Amino acid sequence: MSQSIWTKLSKIDRKYIFLVLWIAVLLPFTVKFALPLTISGLSRDFYDYLDEMPEDSIICYFWDVSFAGWSEMEASGIATLKMLFKLMDEKNCKIILVGMRGDCGPLPELTLKQLGLHPDQNPTYGEMYAHIGWIPGGSVGMSNWCKDIRAVNPNDWWGTPLDELPVMQGINDITDLDLVLQIESGGVGVVINQVVVPYNTPFLAVSIANNVPGNLPLLDSGLMTAQLGGIRGGAELEQLTKEIGVGNVNITAISTTHLAIIALMVIANLTYYARKARGEI
Amino acid sequence: MSVILKRREIPIALTAFFALYMMIAYHSNLPWLSEKAQLTVDIQTFAQILNVMALGLGYIAIMRLHAGYVIRRVKHPQPWHWSLWLLFVLAITTIVGLPWGNFGVRSEPLQFIFSSILLPMRGAMYAVVSFYMASAAYRVFLARNKEAAVMLAGTFVVMLTNAPVGELLGAWVGNLGTWLLTTPSMGGMRGIRICGALGTLILAWRMITGRETGYLRGAAEEGD
Amino acid sequence: MTLLETITAFTTVFGILCIYSYTYKDNPFWKWATNTLVAGYIGYSACINIDWLYKSILIPMTQKMNVIHLIALLAGLLWYFRFWKKHFYIYRYALAISVGSGIGITIAKTTRSNITAQIASTMLRLYGTGDLMGDFNNIIIVLAVFSTMTYFLFTVEHKGAIGTPIGWISKIGRWMLIITFGVSFGNVINSRMALLIGTVYNLTKPEHSTFFYAIGAIILIYLIGTDLRMREKSEPALTTNEQRVNP
Amino acid sequence: MSILVSGRIFSGFFLLISAIIILGMIELAKKGDLKLHLRRIPALDAIDEAVARATETGKPVLQHGGSAPSAADTIANYSIMNYIARSCARRGTPYVVAARSIQGMPVIREIVSGAYETEGKLEDYDEDRVIRFGSPEQFAFASFFMDTIRSEKPAFTFMAGGLSGEALTLCETAVLEGSIMISGATGQLAVLFASSDYFLIAEELFAAGAYLSGDPRQMASLAGEDYLKMILLALIALGTIFRTFGSQWLLNVVKM
């Protein structure tokens, strides 16, 4: 007995589904096109808060992205960093970069290199910004760092003592900081618990998309000031700061892959109901 | 002597002391017992360094496991020559990563390993899941019953909200998606968050009072 | 391109494609990639921790002795008793200290961030915010939190005089959870797709694209070739994809 | 200057209350004064059906061994492992555990052999066949687990403990091979809920662990947790009523 097309469709080999996804993801990189992007309220809040930072603020940027998460967070990471350096130039803000896990020592270094701000490329390193390494030891380490930065990171990432960096003059603990940002792929728990709850420091999160729903209760209860979510947040921030980059390239592929998934869902449901109507299930 | 040292009470007492001290210090404002007191700082520094010193555990465990595979020339779970390759890569990474001579974490060779092997490959490893996501979307997202239909509808709207292509349908999609995200879903997530935190709280009290010793379970790792 | 840049581009593309070859089937390229990755990552993590210890603890200690640091370093050696069968139990001391301090430093703060602060922001005005939509949203939020928490009540029978209303609320809770899961599934899809797109973006960069097409073609030909050969050997298809039977 | 830090008072008070309730409940359970009913958890009932189906078809039951034995979800998995291993031993159904944690291996051995012993079927217990070690690393283990699924073709797969990004791939493979899939986790909720046949949502996993182990102390802490939840529910209800009628009093107390 020959099988109906619906039965065949329902038994389709997984490889063909994978192929559909491959085509959907490669398409926007071969045929370039762009779709309009409306800025969402959450990203707008994030931008506004940073944009309205008072002059001479001291901003600390925690890096908490695993190697795996970096391919998603690259867009928003670079966009926020560019925005911070714009604040540095325009409003004399001081920027401190610090990693929260072993992976995040070299990641800021790599990004600084891309932006031309690596100490080898930029002699002004250390005057207004610094990358001071990473904080080991999880929650305990973070709590320690908040009490005394130099106890955990006596040197910056390249081994220069913090006391020799002009930017670190007078910055000893968390109470000297005006704003804390975190780029995360593993949750905001550590920063919320060890920084925001005890010290009430304003906190902006740059989150991976699948953490966004889970973080919203924290945003609603005011523990988090604003949140930038996933690749879309990155693309929106790029548009807001008018620094179009990787986010706006990748967001097109988000559209095509999502369309592919939606198409798969629709076909699957049609198949299901067609087979049900024919009494096959 | 070792009979006394073996007793479960010692680790339980250690857990209880460190946990209770930290908790009390957090709430108290006395000069000798507070978050900023010297003793608290010392204890925390001690605990942080202790945590970092665990760095070799995973390393040694993996090394012993695969060395055992190589020595026994196993076929399962993977042919032993892959384990040999693993040990080789491990050795190379360690040699160029330790702080000696011209090597170290900021040296050229380790930077190469980091930026052209670990970073792209780990990202790709996770991205393999996205293919299974597509396959799952094809298989599980059937409106078989009311629950599945509601879930499907929610996912649908949020996907269209996240992708710019959804805006072609009109602004209502984005508004609906944002509403779903910030109102019912936020409430649900809050419920999950509160219950999860309660669970951790209960577990913590049971650990402190020695009623839960699951974390002390396990025996010495058997070397091959 | 310099030689180093060429090698970098080659390894990047080769590594990524070896992993993606798994989407076709299990194969030696994938095995090579997983083993390289496991070893590289574990070695790297150990090195970066040692680097911190060396830079932030050991070097400062040579200049000025710090007793706490010294004690902590020695106590840290207790971890390694785990590999010594006879005195294995000593490793539990280090574990106990680590777990204890972890609990102590987190629990009190989690109670605030995840319990009391969340309860406080659920105490909303259900009527009279001046905005009808605002009232409605508040009602939904309170209902969602309340019913989800009720769903997680286990020791109350959802029947009987008190049980029946609880049963109803908990049913609402289940629906709220399903909406929540639907919404977060949408975000998970977004997140995973973004990971894929990020790596594909990396592959299609101008300096990588030549390698991408070349290596991709070689691996694909290899995979299809072995697949066909195996199919000739054994008749049944490699992937059984039978329609599942619902339990 | 006060003895207590303001802003931390109410949460500290709640911490204290939780300790009193939980320890009190455990003491009550010790005396045997505690009679508890657990509400129906559909996924738990499904475990029995799934094992029965595996017995009918003669295919094995596969279980994920969980992560390190210190994690709460893995501990719950161990209780369920004991239960499944016992019912498999009783019915003579083939049973396989795919272990991931090196530290967990001795614990798993103890549980599974103990289960076979309790059922008096120790002669059926062949350790090399029942317990298989994959790899501690996430994706290496995932690929091992998928290989096991393809070679064993289990009728029923149970997963809980230490599941993260790779969970979906495991679930997909099992279901495509025609297995009933029951899972439990505290993370990856949406993904596992969608792709498993039955899913133990977050706290349900712990409840299941307590229920199946039958340990009165675990049941007691479950009940204690429920009392705390009821206190919080009452707070929400009262707080909302106060706010609606224009009083900030309770809100200020909670924020203290």
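Per-chain numbering from 1; labels A, B, C and D assigned in written order.
We adopt the following convention: contacts are C-beta pairs under 8 Å (C-beta built on N, C-alpha and C of every residue); 3 or more make two chains touch, one makes a residue touch a chain.
No experiment lies behind these values; they were computed from the predicted model shown.
For chain A, the chain whose average C-alpha position is most distant is D. Sorting all chain pairs by how many C-beta pairs they have in contact places B-C at the top. With centres set at the average Cα position, the gap from chain A to chain D is 31 Å. If you average the CA atoms of chain A and of chain C, the two centres end up 15 Å from each other.
Distance between chain A and chain B, defined via averaged C-alpha coordinates, is recorded as 18 Å.
In chain C, the residues touching two or more other chains are 22-23, 34-35, 37-38, 41-42, 44-45, 48-49, 51-52, 55, 95, 99, 101-102, 105, 107-112, 115, 118-120, 122, 142, 145-146, 149, 152, 177-178, 180-185, 187-190, 192-193, 195-196, 198-199, 202, 239, 241-242.
Within chain A, the positions touching two or more other chains are listed as 12, 14, 18, 21, 67-71, 105, 136, 138, 140, 143, 152, 198, 209, 212-214, 217, 220, 230, 232, 254, 257-258, 261.
Taken residue by residue, chain D touches two or more other chains at 8, 12, 15, 70, 135, 137, 139, 147, 165, 175-176, 189, 191, 193-194, 202-203, 229, 232, whereas all remaining positions touch fewer. Remark: chain C residues 23-24, 41, 44-45, 48-49, 51-52, 55-56, 60, 101-102, 105-106, 109-110, 112-113, 117-118, 120-121, 180, 183-184, 187-202, 204, 239, 241-243 touch chain A in the complex.
Interface residues of chain D, counted against chain B in their complex, comprise 1-5, 8-9, 12, 15, 18-19, 22-23, 26, 69-70, 72, 75, 78, 102-104, 106-107, 132-137, 139, 144, 147, 165-166, 168-169, 171-172, 175-176, 186, 189, 191, 193-195, 202-203, 206, 217, 221, 224-225, 228-229, 232. Note for the complex: chain C touches chain B at residues 4, 7-9, 11-12, 15-16, 18-20, 22-23, 31-55, 57, 68-69, 71-73, 75-77, 79-80, 82-85, 87-90, 92-105, 107-111, 114-115, 118-119, 122, 137, 140-149, 151-152, 173, 175-190, 192-193, 195-196, 198-199, 202. The touching residues of chain A, when paired with chain C in their complex, are 10-15, 18, 21-22, 25-26, 29-30, 67-72, 74, 102-103, 105, 133-134, 136, 138-140, 143, 152-155, 159, 189, 192-194, 196-198, 208-210, 212-214, 217-218, 220-223, 229-232, 246, 249-250, 253-254, 257-258, 261.
Considering their complex, residues 12, 14, 17-18, 20-21, 35-38, 40-42, 66-71, 105-106, 109-110, 136-138, 140-141, 143-144, 147-148, 151-152, 157-158, 198, 209, 212-214, 216-217, 220, 230, 232, 251-252, 254-262, 264-265, 267-269, 272 of chain A touch chain B.
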